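Got a structure for you, questions after.
Which chain is which? They are A, B, C, D, E and F, in the order written, and residues in each are numbered from 1.
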């Protein structure tokens, strides 16, 4: 019994609820939300370190042992993501303070953010397939609200697509759960794994696993990313950043979990499919990223590319590759948040999203410009920024597994990333300054600080990658050896 | 029984998918509602149907029907209710804001 | 040695300091501070020359990402020594030059930050033993070069040049990274030294060749080898000190360094030999051909740099042949090529650096670099002219300048190749090399003459110049003069260089030949009337003729159509890619929800349905079906009818009511299935949903008949039916394949376990209470969400800037 | 044949009667010409049908399991209470929203009342 | 015998519901449909009562009451909807 | 013009009372019989909705002066709070306990924390459903 495990989810949840009561007191809301994010971070760090000493932790809700009750299971992989989520959210909240506006703050903006985080963290932690669905829904509903919050036309129009497609994916999820329950008769992921290992992953189970693949692909934007560029460019900057940083990652997490823990017996089918899909995703994202002149679109397609890249690790499924994916996942959460923030800030400053209409921003906002530069390099995986180590590991895994096509596409995609962002940098930040000093929209400190923090994070993560190494190694090791996870869940001594 | 219910599920899914592919927002939302009906039935058939008594203890029966899917469906119903209601209100707001419920008109902003 | 590792970081630290100092100083004297950094480093490195010449190497490791085997390992040997001295030495001179070259109005702080950053990364490249760290610095050089090229970022051409160089070099770098990872996968080490030691066992692995080619890709892009050379002329948009430093003396030589460093790894392979030599010699030729046609002095120098780099590259290629058989008296003749390469490397840095500075001076003084507008500057700028003559003649391979020595050795090496009987080198191929080399040298001679004579001789055209021409300030002349002194000095004392610098470097390139005889030949300016000297004489004779009749034959350049130009191909590629991507993306990203849904459904049908069909052989077992009564049949058929009727419903109200019918019928089915809780919930939820539908839909327009073509309807129908079928079939299969007893048997002890008699409710409230809790949260979010959705409207004036 | 069997039988019989009544009423719903007449069929006879059925069920449970179902009683009361009101409301709504009477109708007594009402309202005017 | 009677009545109720659905589909006016729906609601109550008799369980008796409540509320809502289009009123409206 | 339907309003007053009682009964008996927090909550909210239907918003609001959003929030808080309560007692999150109490009127009654949990659920449902319906209605 480790009640601390529920905290990364319950703290945001409770915060969200309490903030509803604090609706009129904006300042209190801000302070309170920062405090609870800090608490979440602290708790996550504690758990992460606890895992290193005690192995995988498990919390059975209501004391009902798995597979009968619902359990939270925390291994290094999930906790790393939980921790990153908390940190990213905390920094984004700071940005929100100065950007989101009173109207939003009065309309439960912070509660929704916290519910989103609760859903995200719950998805990372849960050990039960159906509970995963429920956590997804918590996250999705908050995201539905957040994407529409503000009620601008674009938001409404794009959110319809977003919601419709996500409803469909939730439906697929339920269908998948139904089939899986029908064949195997259980819902606990570890138990599922045991039972499937017992009868062997026959063709039926493989087909069912494809349904899950579709579900998580829809959520993560693997191949089925059509909803993503539109809906990520509609909401306010902070929300877009939250989405860009967190939402697809949950899908990716689920895919890693399910295809390393449960359906890992037929890599020739499932992992091959993932590989092909990842390749197409990277290609599609790459060409999408250079196809538009709208910053938001470019940035959104960059999310797509990253999804493909991360899943290369799963597709080749060697321990090194998975390590790479984890590094890249963490990196991507941070850097995408930063990227979206910068893009949003640029739009805020210039009043346009089109790169032809901006020029010479770096003269007015040098720090913003250099932050963008760092982001660009980090995204392209240029050392010593955070994207580098993940890229190396994924590449190494791909080479070990002999997946040269994937390797080529993955590495080429990073050049497309670079090119797409270079276009923004050259057009918007460099060039003749067209804003004169008087029309200069001041860049608020409150906006700059979070971006700088993210910038520092990406550098720190790149230079200090060794600090993460033990956790990531452990995470990858656990993912590659499902038995560790299963033993931790199904032994009934706790 | 199961076979027929399954076929019913298929019919519902077909109808729902057809509706989802329409231009009108109303039809799309109806489609999602029907989809959720379908999946609830599907979940139900995945436990054995009609085997055993109502899952209320004290009805002194030999065996009970599979209670777990029922619990899952309950959760699913509530969630789909939440989603549907949100989607409905969204449709309403969208119409008020844009004056259209035609998804072709609601294509979203263009780049060029 | 720790100090060497620190040496890499000193420029970076200085770069960090510069902005602060610049804030205080705000004048060009910041340059003196900056200059002290490379100067100190130069002296420091030079102090190691005797030791290194004595065969000593220095190694030091600082742990970085130890778990990945990526550590800061610095390794100082002869090869890194040469480059280190070049970087710091030329660096000091360039900074000295820049102090006078750049106006005080420029953002000097930024300039020096970039420059120091570059210097540090360059030192990192050549001193790193760990190839991953090497890659780190490699990319950093690309970045700092990018920043320096676009130093005047408001100029369109600067940005264009910067982008081009960044894209090409980083792409090459990424390829190189892949190659490095392959090397690691084979050998399990990132250390060059370890790789060199163990590579012998891996030459037959399938990864060996791709790794080699990828590493070469990195080297070629960086060193502007054909066809990647196109970035270099555009990089000339950078301030001239930068061009002198990065784009002739150091950064472009990083590729050369890489080839030299990896010669022990890959050298001795036929592919390596042919690629490096072939690409090098062709680049030599192509660069010189193009240099002649240029009218911009800097562009001319850029192509000449490309050409010279090709020369060095080809020499390394030739030299690698020595490793094929191991040490023997025969192979020593090939090592000579490498020796020539290293020697020319140094020479090139000196004379090309001087020339760039000269061009910079001319540009600075008269305001143009266009040779059609220049002429007759000799008398006005005598010192500059002298330096230009020294540099150009050295480049042309004339005595008494150092270029002559290395050019001679180059000829000798290509001639030696004819005797090469390895790698299936036929006599034809063997003769081709000297011919091409000779032709390229002739052209080199021609353009060297162009630099000197068309700028400084001929008619002075003061009216076509921006400013009145007069000699540059002394400060600006110091740096090129020092380089010119080296050009002459090395000619007279070549063996100093040979012994102290080239010798140790040769050992680094040929570790198995360490201490072998003839590895470090004696350099003599005069070595009798042999083939090379004949060739040089030929070069001078033919070159002079060609130069004199230049205007008659230059016309042939215009014969080649412009669009076959590599530059326009590059531009075309970029615009085409953008256009194609735009087109492709717009084709499938239509913005229509329906299209997206179609993609998803089609994907579902293809994968899941396809999976079902493909694996096949599923048993559908219907024997376990529960019996049915008539009333149940009726309900089910009512439901089917109602659902199908929805599609054809004329009014939305009918549709909503029919949906309600479906919901209520499901409630009955739940009753039939013995699920009272579900039935209750379903009934209420259905009612509320229907009510909501009505509430909201009152405001929506009556639904119009779907105006769609028949084929679209059929298409939709097919998709819908396929999805339905797949779901049904899979469900039937699942029913026939129940593999395990459900865990729900456990819950039948609900009363003992949790004190509840309603099993479903006990599951919801106790066993799976967490689900319920979250479900409530979901509901809550939806409720509040609806509230905000309705209450928070975008006001007219409130329209966000984000549109 | 003991008491409980008889009771069960009575209950079942009532249920059957209810079923028959409901079918009859639904035929009315199908066949009658306009809303107003259909509402008679729907509200009156089907209320009867459901009351019969519920009573039947109540009696059945009473005799077979000796179980007095409060809920069933409550249900009976509830249906009895609300069904007429509901019927009334629908017809009222139908009338006010100008649903046409069947062609065979001879008289619309409320027509003038309602119109006067409307005229008056317009006169006093909002 | 009893079983037969019960089954018969179940079938009868189902037929009723089926016919009511036809009425809903046919219309022609909104109130017609609402009446049809009301009819279905009432018959569902009856049907569920019969089913619980058939199954011999008390589990579904709550359903009956709820159906009653809902069909009542539903009918009120519908009729208000038909009458004036607004379901929940505000005092100062109109 | 208000619906001035005396019959309806009179019946409603009785019916609402029945519904409320029934709703409370449903959620209390959930552990043994069909029902539970969710259903109970829905039934309760249907009573409120009925009131809103028959009377107008202001009238009802005067009678029941709740902010239903806060009711919902309180409900969620209660549901989550019971989970946290068990943490305080050193049990796993969401551990439910039950024990028998001798209450003066009801005799030996089993009181369970599930009850609190269910109450939270019910309150949320009431709050949410009424909030949704009111929001839409008010927007017109």
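Operating definition for what follows: contacts are C-beta pairs under 8 Å (C-beta built on N, C-alpha and C of every residue); 3 or more make two chains touch, one makes a residue touch a chain.
Computed from a prediction, not measured in an experiment: that's the story for all the values here.
**Student:** So if I look at the partners of chain D and the partners of chain F, which chains show up in both lists?
**Tutor:** In this structure, the chains that contact chain F and also chain D are E.
**Student:** Enumerate, in label order, the chains that touch chain C and chain F alike.
**Tutor:** Per touch definition, common to chain C and chain F: A, B, E.
**Student:** With chain centres set to the mean of the C-alpha atoms, which chain is at the far end from chain E?
**Tutor:** With centres defined by C-alpha atoms, farthest from chain E sits C.
**Student:** Per-chain Cα mean versus the mean over all protein Cα atoms: which chain has them closest together?
**Tutor:** Smallest offset from the overall C-alpha mean is found for A.
**Student:** Please identify which chain has its centre, taken as the mean of its CA atoms, farthest from the centre of chain A.
**Tutor:** D
**Student:** Out of B-E and B-C, which chain pair has the most contact pairs?
**Tutor:** Looking at contacts between chains, B-C has the larger number.
**Student:** Just give me the whole-number Å value for how far the CA centre of chain A lies from that of chain C.
**Tutor:** The separation of the two C-alpha centroids amounts to 27 Å.
**Student:** Rounded to a whole Å, what is the gap between the Cα centroids of chain E and chain F?
**Tutor:** 24
**Student:** How many Å are there between the centre of chain D and the centre of chain E, using C-alpha atoms for each centre?
**Tutor:** Spacing between the chain centres: roughly 10 Å.
**Student:** How many angstrom between the C-alpha centroids of chain F and chain A?
**Tutor:** Between these chains, centre-to-centre, one finds 37 Å.
**Student:** Which residues does chain D have that touch at least 2 chains other than itself?
**Tutor:** 74, 78, 82, 85, 89, 92
**Student:** Could you pull out the residues of chain B that touch at least 2 other chains?
**Tutor:** Counting only residues that touch two or more other chains, chain B contributes 20, 25, 28, 42, 45-47, 53-54, 56, 58, 68-69, 74-75, 78-79, 82-83, 85-86, 89-93, 97, 103, 107-109.
**Student:** Can you list every residue of chain F that touches 2 or more other chains, as numbers and ranges?
**Tutor:** 1, 8, 15, 22, 32-35, 38-39, 43, 46, 49, 69, 73, 76, 80, 83, 93-94, 96, 128, 132-133, 135-138, 140
**Student:** Could you run through all the chain pairs that touch each other?
**Tutor:** The list of touching pairs comes to A-B, A-C, A-F, B-C, B-E, B-F, C-E, C-F, D-E, D-F, E-F.
**Student:** Touching residues of chain C toward chain F in the complex: what are they?
**Tutor:** Against chain F, the touching part of chain C is residues 676-677, 679-681, 684-685, 687-688, 691-692, 695-696, 699, 754-758, 761-762, 764-766, 769-770, 772-773, 776-777, 779-780, 782-784, 786-787, 790-791.
**Student:** With touch defined as at the start, can you tell me which chain F residues reach chain B in the complex?
**Tutor:** Chain F reaches chain B through residues 32-34, 38, 128, 132, 135-136.
**Student:** Can you name the residues of chain F that touch chain C in the complex?
**Tutor:** 30-39, 42-43, 46, 49, 69, 72-73, 75-76, 79-80, 83, 93-94, 96, 98, 110, 112, 114, 117-118, 120-121, 124-125, 127-129, 131-133, 135-140
**Student:** So in the complex, which bits of chain F are touching chain D?
**Tutor:** 1, 5, 7-8, 11, 14-15, 18, 22
**Student:** What does chain B use to touch chain E in their complex?
**Tutor:** So the residues of chain B touching chain E come out as 53-54, 56, 59.
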